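Paired with chain B in one complex and with chain C in the other, chain A is shared by the two complexes that follow.
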Partner chain A sequence: MIDNIDLSLVDWSRAQFALTAIYHWLFVPLTLGLSFILAIMETIYVKTGNEEWKRITRFWLTLFGINFAIGIATGIILEFEFGTNWSNYSWFVGDIFGAPLAVEGILAFFLESTFVAVMFFGWNKVNKKFHLVSTWLVAIGANLSALWILVANAWMQHPVGMIFNPDTARNEMVNFWAVLFNPVAVDKFLHTISSGFLLSSMFVLGISAWYLLRKREEQMAKKSMIIAGVFGLLSSLMVAYTGDVSARTISKVQPVKFASMEALYDGKSNAGLIVFGVLKDADQKIGEKKAWEFAFKIQIPGLLSVLTGGDRDAYVPGLKDHISGNEKLGIISTAEKIQSGKFAMDALKSYKRARLINDTAQILAIKDAFKEKEFNEKFWRYFGYSSVSKPEDLIPDVPGSFYSFHLMVILGFLFIMIFSVALYLLFKGTISGNKWFLWIAFLSIPLPYIASELGWILTEIGRQPWIIQDMMTVSKAVSQISAGTVITTFILFAVLFTGLLISEVSIMVKQIKIGPKH
Partner chain B sequence: MGRYFSFLNRLYLFYYDGFKNMSGWGRKVWLIILIKLFIMFAILKIFFFQDFLYKNWHSNKERTEHVLEQLTNSSDNNDRQH
Partner chain C sequence: MTAMISQLFLQHYWWIIVSILASLLVFLMFVQGGQSMIYSIPKNDIQKSMIVNSLGRKWEFTFTTLVTFGGAFFASFPLFYATSFGGAYWVWIAILFSFIIQAVAYEFRSKPHNLLGQKTFDLFLFLNGSLGPFLIGVAVATFFTGAAYSLNNMNQVRWATPWYGLEALLNVRNLALGFAVLLLARINGLLYLINTIDDEAIINRSVKGLISNSIPFLITFLFFVVTLLFSKGFAADPVTGTIEIEKFKYLHNFLQMPVVLILFLAGVVIVLYGIGITVLKKSFSGIWFTGSGTILAVFSLFLIAGFNGTSFYPSLHDLQSSLTIRNASSSLFTLKTMMYISFIIPLVIAYIWYAWKAINNSKITELEMTSEEHKY
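After this line comes the complex of A and B, so read on.
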């Protein structure tokens, strides 16, 4: 079957990265959120001395442990892929990627691995308070690990705080704080961890609902549901807020992605926010690229203008504005950016030539130019455009961006409703009798996973064709290796990760059926 | 020195007891971890995921030249494959 699929090396390398990242992300968010839920439960135990809370904490700790252990090191495979499949990219990003990942490695090793052992082996061996501190440190450590990975990813979406050194062909970090407090990194971190909290809350709520449906462990289930309901509601509100802030940031730093998320081809004032819609082929094209239009849509008039520009008259640029340019708004056309990119490319070629003939004066002059602010802002920031042949190639997969974004948002609002209803029923004392709700809560366990993956799909397909926004296209980043090797490892990863996922689910289901120890 | 060794001994016993008294699911996930790490590092890393630049070029100067060549080449790498 593989022989009949005509996919390029780039496509296979992308597919492999997507596969491993999607599988890796099935394990991570539960660790991020459940660790905090455990810390809250254990705090109640230490504060009240109520042994029931200890029993509850230990039960959820078992499920946390299974997820943590099976998911551990799955992210390392992504690093393997950087070195093998994406070597040009790995070299080009230099220490921008290396530094945050090194910090992440140290934090993960010292904080998580040390204190995870205390969490599991330390009951009755270390004092209660030390155990509690360990649990909190695991939660903080796990989330701080995520911070550094997200800082690295945010730099790819919005590269800041670096200067390119033509001598080494690498970017060098000149401002660590600019990289760390990159607006995309801050938004991404808060949005990602809060989505992990939400996912974990739904996990606890859903499994507790299953116990209530089975009329088992009712006290434990209700107590767990209170924690999950409160933590989940707060998290889902935080997800909505940080999602809104992220979208505003994207509208500024990745406006093409933003227009694709809204399937907005023609910019306008009083732009409506699409609640949901269905796209169909449009009669028109942009260059040679197929365009899309709405078969139907539900929208809130003017809200997109209000959210992005502060009032209904604010103009929201569409894809056509970004491709053709809009002088009135100061939007540079893609053709102009291509010219700037080619100028930067010529400078790099001249540098290469000067090095070949050992023209010291020319080498020094070009090296100085690379340090100049004007050259960087006018030309080098558009370096990636030098390998773009047609302006319309800048448009990402519009239906993919639009549907992943809108489904994620719809699910986000559904979660707010589920947690609100759960808390209402809990405080009314009628949750056990509401079987319909218990089924909804139980069946909703996979939904935050889907929403979370959709968020990543939007992040990554929405910024195509870039691997580093405006600076490097995906096709420039790939190594010249055989596509056959990539296909082989793609299959190996698919088998390995599917095996891990099946193991996780089956061990977890078994432990849930056994229930907490008495 | 004696206190240092006593701490190390307690630390060793802490982990030793922890692993020794591990529950059934704990043993199972440890087995999975070991198999996973073996596949990742002893098979995938060695046979399929050697660092492309470090494997094919011997110095940073050569690696830089290669990447510069790739960056300044007008056709993209996807085109070159076909």
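After this line comes the complex of A and C, so read on.
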């Protein structure tokens, strides 16, 4: 029924998707945030009539344009790769997953691409107000498109609003609002767009700092810094808040990912929140899988229990609880879940057999079972476990999850400090003289990019082996093409994207050096 | 029964939406058609700059339409998305490649320090302009000529050749439609340049180009249409859904759906009319006729491919795996939800039209190329 899968095919397909996603995410956050910064700057221009603000807007618009096109180019591949590389997935959940992608195209992309043309070419062709509205619509369109793709991603992390149809062998949507207002989707959307705002603010702040260091364009630089400082501080606070909410949601809907983020093997009450730590090989293994322990750690005692369970006595389950089960907490062991998943798979196979020989009584009986609440809650929800061979395969890459999470959080707090200091110095009027701070701001430009990529790395590796949590593993989702084919396209994409990235950065740097036009 | 009727209705509704997007895409590929001539029409850099800037103001519409076409197909007929993309891998990847290089080429080509040099980015535009429409034409031709795949009982695709879709290039009918789409894109591209650029040399050469592209277009297009009328098709039994071969299926479709036949013929006539008034009467508005005709003709071809119980993606390897709008569609609930969302499409078209007019209300001139700040 489901063929054996070539593992190198799975790995290369994952690598190709990761490559595309990582490159795509180098460009998108700047579009999300810089579009709003442009809209704010242009609003000031239209309100005050001060030509200097128009000049400032147009300068940042040039940089926006360079970044915008390459984001689109990498985005189209992601959309199509669901079909080309994950075709089994595309069928299994296309009924739910396809809808947000289509809505994204109809509602958001056209808004963005139509008005971006007005934004670039309309300065002398349309009146000021129409141009300003266009700029705002680009910002709204860009962020709306982020909404829909994040709804789709959130559904993979926490599938809701659907039932399985054994006739078509796929999941079908029954509640659109549940999909849209999935708690993971709401958290993810707010966290992601605010991180894009933050990244863009750092971009504007850092480049402006460079102008101040070179003693060029001081008026423009300071004005830009005020916008970036305020927008950046608000965004970085929002990033911290939504990040906290996201982590709590993960602890409920993806507890294994949560335990991996904290490298928590043994569950406990009064669990401490790790500020940072270094992992080393533990002597013990879980099944055949290597385990990790802390070589050193800094932690705040009890805080993890408080954050997830409300008080210090709250028990935070560890990876071992999830693998071996914990009766007291009502956590079922993975081995049992695998058994339940196999039972669900057998039911589906029996159904397919009954259809083949046209055994009407059997068809009706199994179909009824698929509608029963008990069957769904006890067995079907673990369907994906039928293809998990060993319980320990459920544990994702612990160091990868742990380090990506903690580095991201540390950087997040650093950003709050940088924006606060920037605003303080701006209002004191001494920023031009503070070379050390200007250098910090300038050198910090890449940091939000790193934090943002780390966030996605955590999201995606932390949920392995699932492509859809508890329902489908990545190895079952992959298109059945030869591994050689995927290796070839991986190399082609890698060369092309890298070439385009270098070209993009080179153009961007040159435009910054040229500076705004007079 | 009501549910049955409405599911069937929605499958047809969504096929119509997908067909509209496909027909708009083929029309909007005038951008690609124009790009495929950036080495032949302009005779100096300023002329090339005018052409690239004229096309460059529209490339995002074509690109967005392609993305939306993909998204709408995924949402409404996910089994096609999974089957064709996951199987005919190389064809779709080649199409994607040709569009990635386009997206950056406009923005990067004339910027200093662009690493690869303007010549490379112009080559990207040329490659996208030539390969994009051709490959999309070949891929669409397989809606009629079929593809070598099978689906297992979990609806998972297995491709029957090691070429993962490239074998489509060996079928002369696929090639004919590929060339026809490319040539039509070039014709629309020329008509667009004539409409938007105020430069006599470019206009004169574009009119000449119209003639030299129209003749091979007619040959390849007629070859495809005539062979289509005589070819067998894959028909689905309306009750059981069993697929059977039917001789002259597409001819029957035209005759059994006379409205579609009228749309198709009207489309072809309007395409020719647009070319005719440009060549004979020196009109600047040929694009509006030929463009509308393109939309009508492509739209009706899509209806012929999917309506009247026809398999729109026939399997040459396993007859019963063939996809129809009934067996490949999303669930009733999803189709219905998506239908409500689709009601916004007229508003989208309205604002696109408004923004288009706002930007195109004056023609591109030599003067603008030397003064305009944001140019490609």
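In this section, the second predicted complex is superposed on the first by the 508 of 518 C-alpha atoms of A that agree within 3 Å, B and C clash if a C-alpha of one lies under 4 Å from a C-alpha of the other, contacts with A are read in each partner's own complex, and residues count from 1 in each chain.
Following the convention adopted for this analysis, a contact is a pair of C-beta atoms (placed from the backbone, for glycine too) under 8 Å apart; a residue touches a chain by one contact, two chains touch by 3 or more.
Values in this document were obtained by computation on a predicted structure and should not be read as measured data.
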| item | value |
| --- | --- |
| Room on chain A for both chain B and chain C (clash or fit) | clash |
| In the superposition, chain B vs chain C on chain A residues touched | C |
| Touching partner for A:Met345 - first (chain B), second (chain C), both, neither | first |
| First, second, both or neither for A:Phe110, with chain B first and chain C second | second |
| Which of chain B and chain C A:Met173 touches, first, second, both or neither | second |
| First, second, both or neither for A:Ser8, with chain B first and chain C second | first |
| Which superposed partner A:Ser479 touches (first chain B, second chain C, both, neither) | both |
| Touching partner for A:Ile502 - first (chain B), second (chain C), both, neither | second |
| First (chain B), second (chain C), both or neither touched by A:Ala99 | second |
| Partner chain in contact with A:Gly287 - chain B first, chain C second, else both or neither | neither |
| Chain B versus chain C as contact partner of A:Pro399, first or second or both or neither | neither |
| Selected from 27-35, 63-71, 99-107 or 279-287: the stretch of chain C that, after superposition, runs into chain B | 99-107 |
| Contact residues of chain A, present in both the chain B and the chain C interface | 62, 65-66, 69-70, 72-73, 76-77, 80, 83-85, 87-88, 90-91, 117, 120-122, 125, 168-170, 352, 479-481, 485, 489, 492, 496, 500, 503, 507, 510-511 |
| Touch list for chain B against partner chain A, complex | 14-15, 17-19, 25-26, 28-30, 32-33, 36-37, 39-40, 44-45, 48-54, 60, 63-64, 67-72, 74, 76-82 |
| Contact set on chain A toward chain B in their complex | 8-10, 62, 65-66, 69-70, 72-73, 76-77, 80-81, 83-85, 87-88, 90-92, 117, 120-122, 125, 166-170, 345, 348-349, 352, 387, 473, 475-481, 483, 485, 488-489, 492, 496, 500, 503, 507, 510-511 |
| Residue ranges of chain C touching chain A (in the complex, touch as defined) | 57-58, 60-61, 63-64, 66-72, 74-76, 78-79, 81-87, 89-90, 92-93, 96-97, 99-104, 106-108, 111-116, 152-159, 162, 164, 330-331, 333-334, 337-338, 341-342, 344-345, 348, 351-352, 355, 358-359, 361-362, 372-374 |
| Chain C contact footprint on chain A (complex, rising order) | 1-2, 58, 61-62, 65-66, 68-70, 72-77, 79-80, 82-88, 90-91, 94-99, 101-107, 109-118, 120-123, 125-126, 130, 134, 165, 168-170, 172-174, 176, 352, 356, 479-482, 485, 489, 492, 496, 499-500, 502-504, 506-507, 509-511, 514, 517 |
